[in-house]
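Per-chain residue numbering starts at 1, and chain names A, B and C are given in the order in which the chains are listed.
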Amino acid sequence: MIYDEPKFLPGGDRFIEMELGNELNFDLNFLVHSLSAKIREAEITGLIELLPNMASIVISYDPDLISFSDLKREVLGHYHNMGSLEGMELLSPIYYIPVLYCDPVTRGCWEDYCAKIGEKEYDCDVLVRLNNLDGYEQLARIHSGTEYWVAALGFYPGLASLIALDPRCRLTAPKYNPPRTWTAKGTIGYGGSVTCVYPANTPGGYQMIGHTPVPVCDMDQRLPAFSQDLALLRPGDRVRFFPIGQEEYDYVERRVTAGDYVHNVAHYAKFSIRAYHEWLETLDMKERF
Amino acid sequence: MALSVEVIKAGLETSVQDFPGRYGFWEQGFPPSGPFDMWSFRLANVLVGNGPEAAGLECQFMGPTLRFSEDCVVAFTGAEMNPTLDGEAFPMWESVAVTAGQVLACGFARVGARAYLAISGGIDVPTVLGARATFHMAGVGGMEGHALKDGQSLNVGAGAGAGAGVPGRRVKQDCRPAISDNKEWQIEVVQGPNDDWIADDGIERFLTSEWKLQARSNRTGYRLEGPDWIFADKASAKGPEHGEHPSNILDHGYPVGSINLCGQTPIILVNDAPSAGGFINPFTVPSAAFWKLAQSKPNDIYRFRRVSVDEAQELRRSIDRLCAVESIA
Amino acid sequence: MKFDTPKFMPGGDHFILVQFGDDASIDLNFMALGLTAAIKAEEVTGVVDTNPSYNSLVVEYESDDISYADLQTELAHLIDGLGSVENLELDSRLAYLPVVYLDPWTRDCVADYSEKIAPREYDPDFVADVNGFEDAKQLARIHSGTEHWVVTVCSTPGLPLMRALDPRCAITSPKYNPPRTWTTLGAIGVGGLSSSIYTTPGPGGYNLIGRTPVPLWDPRQRHPVFKDRVVLLDAADRVKFVPISEEEFEYTEARVADGSYEFNITAYQRFSVGAYKKWVSSLNQDGQF
């Protein structure tokens, strides 16, 4: 739910976790990002930076310049001044990313975890079982059947948390316990109700369901898509995955290595909150791809 | 002639850091990095007359062996690594004149874990995303994104603050962090943000138990070993989007210093830790206690002392006041 | 070229043709679709139907309710109100259509023509050749790499006439001469600078490059998506083709047949002509999928 009043929770001496709600809810996330934009514009003295995420914002501040309670009061003021979200429209580029589902690379990573840390069910089987799917094909069909909203960046440079815009495609998955010490770069992960693309070889806890040869973060800014930025995605962007076979995977990987891979992005549609709500009403929630 | 420093031996993990580290890119996934023991680091810069923004070296467990190409002034603070200059004992917590060609060598840290080396003028590496601090996991900052390697050469900047490069200055004893080798620490902790996910007896258990620092700990995270945590009802009565385990929460930002509970493994998130994730943070270690974490070694025992936000802020201020020229004799 | 002022011409006694220019510049179609939207919004008296095309709009009217001259005046007024084409924003749904590229069914169709009417190279190879692509696989990659803009729905029921929005994905090819006498149902064709989908198995002249199992019209309105409409797509919608395997085609075909197929259409975007132009000018025209 979206809380009536946000909670301000202390994080040590110089952080505040502002919780606006406790669920995965597109409107809530949109509120988080709109509020973050508003707070940034306000340029509050003593506020160092913001870390917006799904349903919360972590605020870092300088206690020598502003106290916990003064900062809370100012931010709450901005929160109460936010207008209605209904009328908002946001230019939202969409990125098309090819994925080889239930692929050999992530299978290898799972096998390594089983050998070194602990036995565990194969990740794609976990998703199929917990979500009552027919099999891996349906997993691929459902996962790739929706656009995803970039709800947050974080955990690691270039890592975006994606939430399904089509609620019929929302799956659930537990996280690894304990987490993995490594994940192959390009792994498509699923944890809770969030999906992501691992931008580099990092530790991780999401179930691994596929792999993309397309980079989403490039420290050296080699490929054209990274000419302005190290990371491909920003909150408010959208992503759509599409299934490919091993042959197409190998082809794309060759183009990435050669440095002439062109990311597939369409940057001309405005996302309309009102239209989104209307569209949601038209969906038959009992149906699945 | 510009000063350069030859890295004869890099040491176990020596990296360029600057204070306060990298800010403004947290939202894109870049942690602050910067020196782990901010107290010792800042005093090293004060000793050699550098401004607070000057970059220095953080030496972990075993420091480097360096040769200086020109005359300069250098200071070594933090853990005792028995530094020598051309074989002679090199005093800690003092600014020392070094002449061209001399070699500074270090051994294993006897007391404490991390030492800091400042050179008058500051280490001159390119700033990346606004800072010289090294974030090794992403290959950003410092010496080409990583810890020092044998054979590299460090440039030293020309800039310096007032009192630049004056040897023979010492940090007063009572202005230094009390780094000891007694293997037990009392670590301040602020309750929250997600303390309400832990049952009252779980809170009590955390605050009254001993926690052992595991060997698999580093600037990314400090793993603790201790009793199981007891969760409140809230940790189970939640939507499926949080994830199954009671410690799983809908992804959220991680304050630096969070005690991040991954299943039953608490991991203190420190300078190079991930910026966000899906586990709860029932307690947070405040800035003022970071030097203690930085100076501990695997198997050291922690006991946590709860303080309020106000107390934690006052503790930090008191340390900040000590990182100034008034602490120099 | 774009005319300084649009030309109005009578088409018999109850049609008026509004022409914005005489070439295939996409702006002219945007103007035609902008006018279509304005006519609907204003509920202009006497208008019976509208039929847009590349650079023009045919308006059917009831001459008892409005005269040609009055209608022309009203339309000219609405065109003024649209302002410059850069300011246009249009409701634009995005339909994801699965397609098997280089499929066996259209291959048979082309082979049949080659045998009975005139010898002919396999269409995808021919089109790849004419456009200087590496091979037919690259044709598939390029065709599916862009969203296709529905210029108009015409010729046979539900048939969308489309053009690539990403200029790097422009494909041109000559049409069959003479045309085929029949075409595989659901075939994807390219000809001139357009793409289309065959919604009846009738004659046709476009080069066949793939096939979709998804129906684009249903007079019996069996599927929920056809509840309020007879044809799937409208002018100003967009189509993204998603390459699938033959197995997936058969699976989808079975779900279409039993009525359980879920159409994958999002309806929460507005197409911004201004943003589109900006995006086009930002592209490196040498980059190719």
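Quick note on the criterion: contacts are C-beta pairs under 8 Å (C-beta built on N, C-alpha and C of every residue); 3 or more make two chains touch, one makes a residue touch a chain.
These numbers were taken from a predicted model, which means no experiment stands behind them.
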| item | value |
| --- | --- |
| Chain pair bearing the highest count of C-beta contacts | A-B |
| Middle chain, criterion being Cα centroid separation | A |
| Furthest chain, CA centroid comparison against subunit A | C |
| Computed distance of Cα centres, subunit B from subunit A, in Å | 30 |
| Centre distance in Å when subunit A and subunit C are each reduced to the mean of their C-alpha atoms | 33 |
| For subunit B paired with subunit C, centre-to-centre distance based on mean C-alpha positions, whole Å | 61 |
| Subunit C-facing residues of subunit A, complex | 89, 91-92, 96, 137, 141, 144-145, 147, 165-166, 168, 224, 240, 242-245, 248, 251, 260, 262, 264, 266-272, 275-276, 278-279, 282, 284, 287-289 |
| Residues of subunit A touching subunit B in the complex | 9-15, 17, 19, 22-24, 48-58, 60, 63-64, 68, 152-159, 161, 172-175, 177-179, 191-194, 199-200, 202, 205, 219, 230-231 |
| Residues on subunit C engaged by subunit A in the complex (per definition of touch) | 89, 91-92, 94, 96, 137, 141, 145-147, 165-166, 168, 224, 240, 242-245, 247-248, 251, 260, 262, 264, 266-272, 275-276, 279, 282, 284, 287-289 |
| Touching residues on subunit B, where the partner in the complex is subunit A | 23-30, 137-140, 145, 190-194, 238-245, 248, 250-258, 262-263, 265, 274-278, 281, 284-288, 309, 312-313, 315-317, 320 |
